[in-house]
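Shared between the two complexes below is chain A, which pairs with chain B and chain C, respectively.
Moving on, here comes the complex of A and B:
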């Protein structure tokens, strides 16, 4: 936190000095345009290349966005200092009362990403959060450090529905952990099934429900579990190109967040449902529809999918043209996933 | 109206501009004189020297009496006159309206935002001298169309049959986009053609034919007017643009200073009044 505050202060100081010297202030932001996003094969993720854009008030067209950028940094500083958090949507509305109204939320989201790139911190560190919430369940004890909950200690098995990964939880300290791995689960039905089947005890796992594409907060939390507690991360999704991509974004990050470091988990592992599983476990399947084919071909052209493992998976999809949901495992009974499928996958 | 237009000067016809009927009349007036005398006394821009050269090149004897010409001779003489290159006709006989008078009149009637008048130097078609005057008034009161045309011939307004008029032809072909950043609005175009002979298309004297010389002069005058109009409009746009620029800085720069001050954790905001002043003066 100190580090982030320091960076924000330096930014303000730089602009003040420019103004004092009678200059029209400018800032240089790492460019987030497609041409500047490159795939770093060594690190297995997208990163920003060297290009920077100059946002300068000497260009009257930049004036409004420049003001919005500084305002955004200023809001972040206040949020951090006051121990509060906000959402992307909140900020879009708040801007109006400061006279820096955004055209639409897309514009304000883009400015937030600019501030992230400018300071080299994630928006979560700036106390700005998206609306989507993932949930977590497992033998992990945390201590909140948000205002009013400083002493609150919570074991994440407290609720059978799991605990939402919100701003407070994302910033909490890890107190104690009985788990040895993290399983990220795509669908809510499977998440509940795993809790009911006591998968967290059986596999000593922390379960995270991503609800489709994992929110950044969930990715950031899993990243912390991996980094701070050394827990390996497994990803369990539907067996289709969309599920594969949920896993890929957790592993390699997205192009959109190429400027943020604390989101990618390069050694996370996609355990299923793999295209080969459909045959191996004789799961009920559906044929690919047009959208699935298009998605598959997009992925095949994606630089993140060029490792032998991923190339094989996509090739298998292409050969078979079959997909299976996580729930397809229920054809062999509700406990099949914890009795047979996962034990074989988590070896 | 303070300055009256200059009085026109009476002149003789120009040899290029006479037809057979007129030539016969002129010859009759100089009956019994030599052709040389006839030529030198009946036409403008023709003296004895020019007359002699012309008659010799046309195969007439300078000393031949005018009364001996047959009617074929008269026609031949006319054709020869048309072929021969005499000095251009004298335009002092013409009576243009004048730029000031035209401008004042338009201002009074239409109250335009901007008006400009262009008088072309005298020119000639078929031996007839003429002067074209064009005025363009932009942002007129009481004009709804984008462009409307008002025509005058020798100071007489032409009311009917505007669509086959030479001025309308020029206007139709005119590309406003080359001159104006925007579509013309409430614009009036005035054309005045004064000549010793206006080439009316019909006996009703309502619309003017389009000899290429006249069409060209109208076009050139219109272009000149529109160049001036363009300067006016872009100048106005620039002024507005500068105003907008300054307002943007006045709005945003204090905010930038305020947010940056709070970011830096300073107590006092940097003074930006000087920077704003410099922007107003256009230094930045």
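Moving on, here comes the complex of A and C:
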């Protein structure tokens, strides 16, 4: 938090210095245009290349966007200092009362991404949070550090339904951890199943329910568990192109967040349902529909899917045209997933 | 829980008695066909009328559905006895391993609704849970009663991001409650805002984040807070036909759950954003698009919207064609909602 405040202060000071020296102030921002987003094969993720854009108050055409950018940085600083959080939507509305105009939310969202790229921080560090919430359960004790909760300690097995990963939990300090791995789970049914079957004890795992595509806060929290506590991250989804892509976004990030580092877990592992599992475990399946085929072909053209592992998985999908859900494992009874499937996957 | 087990046992016994007496067993189930679902104006909700259907093993055409129904009741009994939970999807898959065939999930879902109607219980009481999770925050202390958590007590201010309302929390006992009302909130941004602005203290409120249409578990939990603790329920949504309908489903239930009592809170109150609020609070708005208009006209034809209050609200929407989000209140600053808007709404 102090890092971010420091960076914001430096930005403000740089502008003041320019003004005091009689210069018309400007800022330089890493460019986020498509031509500057490249796929870094070595690192297995999208990154920004070197191009930068200059926004200078000496050009009247830049004045509006310069003001928007500086206002956004100012608001972020205030939010951090006041210990408040906002959403992309809030900021779009709030701008109006400050006399700063955005023509639509897309424009204000884009300025927020500029500030992220400019400072090298994520918008969550600027106290701007998404609406989506993932849920977490496992033997991890955290200490909150938000206003009014400074000394509150919580073990994340406190509620058998899980605790929401919101702004406070995402920024909490790690106090103690009995878990040795993280399992991110696509469906709520499977998340509840794993808790009931005591997967957290059996596999010493922290369980995170992503509810479809993992929200940014969940990805960031898993990133912290990996980086700060060294826990390996496993991803357990439905066996279809959509499930594969839930895993891929956790592993490699997305093009439009190429400028954010803390959302990428390159060595996270997709443990299924793999297309080969459908055969190996003789799971009930459905045939691909038109949307599944389209999605599969999109993924096949995606630079993130060109490693041998992923090419094989997608090829298998293409050969068979079959998909299967996590809950299809219930065909062998409710405990099959923890007694047979996961033990074979987590070795 | 014991009630439900008792009802399931009685059902089994009734079938055994028929067999022992040399009768071909049958069951009679309240009919859930459209013609038997009527809107009860007095009670402000859909209910089932008197028609019943008979499923008898003396008719070979009924054998399949009779077996499916009895199997489903059997599974529910096992789930309760073993303290496990499932989803609609799980049961569809599990049936196969018992040699009970459903042609698709729609068929198995329909049988579950039959068992609900037959026993007069909700499927959640049968340990069959939806995937969607709402989140809760407030001064309410609960005691879990699920397996492994028998004595666990949790105050629902334990995490400033909220706790998920899953199967365990929904069935927990109320131990202590400092709150005097319930506010159900549509958007995650507003839910977090209200916690940060200490709305739970200021208004002595339990806050429930519905994330769009309230999941059945959230409706059931709010119903319990109303019934067991006498807390009035307020619903705070976006100001558009979709928000209105979030409120309506909480208040009046839905036609396809006409046979379930514990999901209806007739005296819950929609506190906005009302269409009149857009003018009164001079909120930024957008014009209705085609989908909004279609939705509005659907609602106008819906029997649940024929009371003076609701007719006026919908009429106002129709006259103005304007919609506004909860977060539009941020135009007056982040604290406006707790300092001005809610105090005027909660009196």
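Just a few scattered comments:
Here, the second predicted complex is superposed on the first by the 344 of 347 C-alpha atoms of A that agree within 3 Å, B and C clash if a C-alpha of one lies under 4 Å from a C-alpha of the other, contacts with A are read in each partner's own complex, and residues count from 1 in each chain.
We adopt the following convention: a contact is a pair of C-beta atoms (placed from the backbone, for glycine too) under 8 Å apart; a residue touches a chain by one contact, two chains touch by 3 or more.
The model shown is predicted, which means the values in this text are computed figures rather than measured ones.
Contact with chain B, but none with chain C, is seen for A:66 once the two complexes are overlaid on the shared chain.
Legend: residue contacts after superposition of the two complexes on their common chain; A:219 is shown touching neither chain B nor chain C.
In the superposition on chain A, contact of A:327 is made with chain C only, not with chain B. Of the two partner chains placed by the overlay, only chain B lies in contact with A:100; chain C stays clear of it.
Between chain B and chain C, C contacts the larger number of chain A residues.
Applying the stated contact rule after C-alpha superposition, one finds that A:57 touches chain B and leaves chain C untouched.
By the document's definition of touching, of the two partners only chain B reaches A:74; chain C does not. Touch criterion met: A:20 reaches chain B, while chain C stays clear of it. In the overlay built on the shared chain, the residue A:200 is in contact with neither chain B nor chain C.
In the superposition on chain A, contact of A:167 is made with chain C only, not with chain B. Overlaid on A, the two complexes show chain B and chain C touching no common residue of chain A.
Remark: chain B residues 244-245, 248-249, 251-253, 255-257, 259-266, 269-272, 274-275, 278, 284 touch chain A in the complex. The residues of chain C lying in touch with chain A in their complex are 83-87, 89-90, 93-94, 96-97, 129-133, 135, 144, 146-149, 152, 154, 158-169, 187-189, 192-193, 196, 198, 209, 211, 284, 325, 327-334.
Here chain A touches chain B in the complex through residues 8-9, 11-13, 15-16, 19-20, 22-25, 57-58, 60, 63-64, 66-67, 70-71, 73-74, 77-78, 98-100, going by the rule given at the top.
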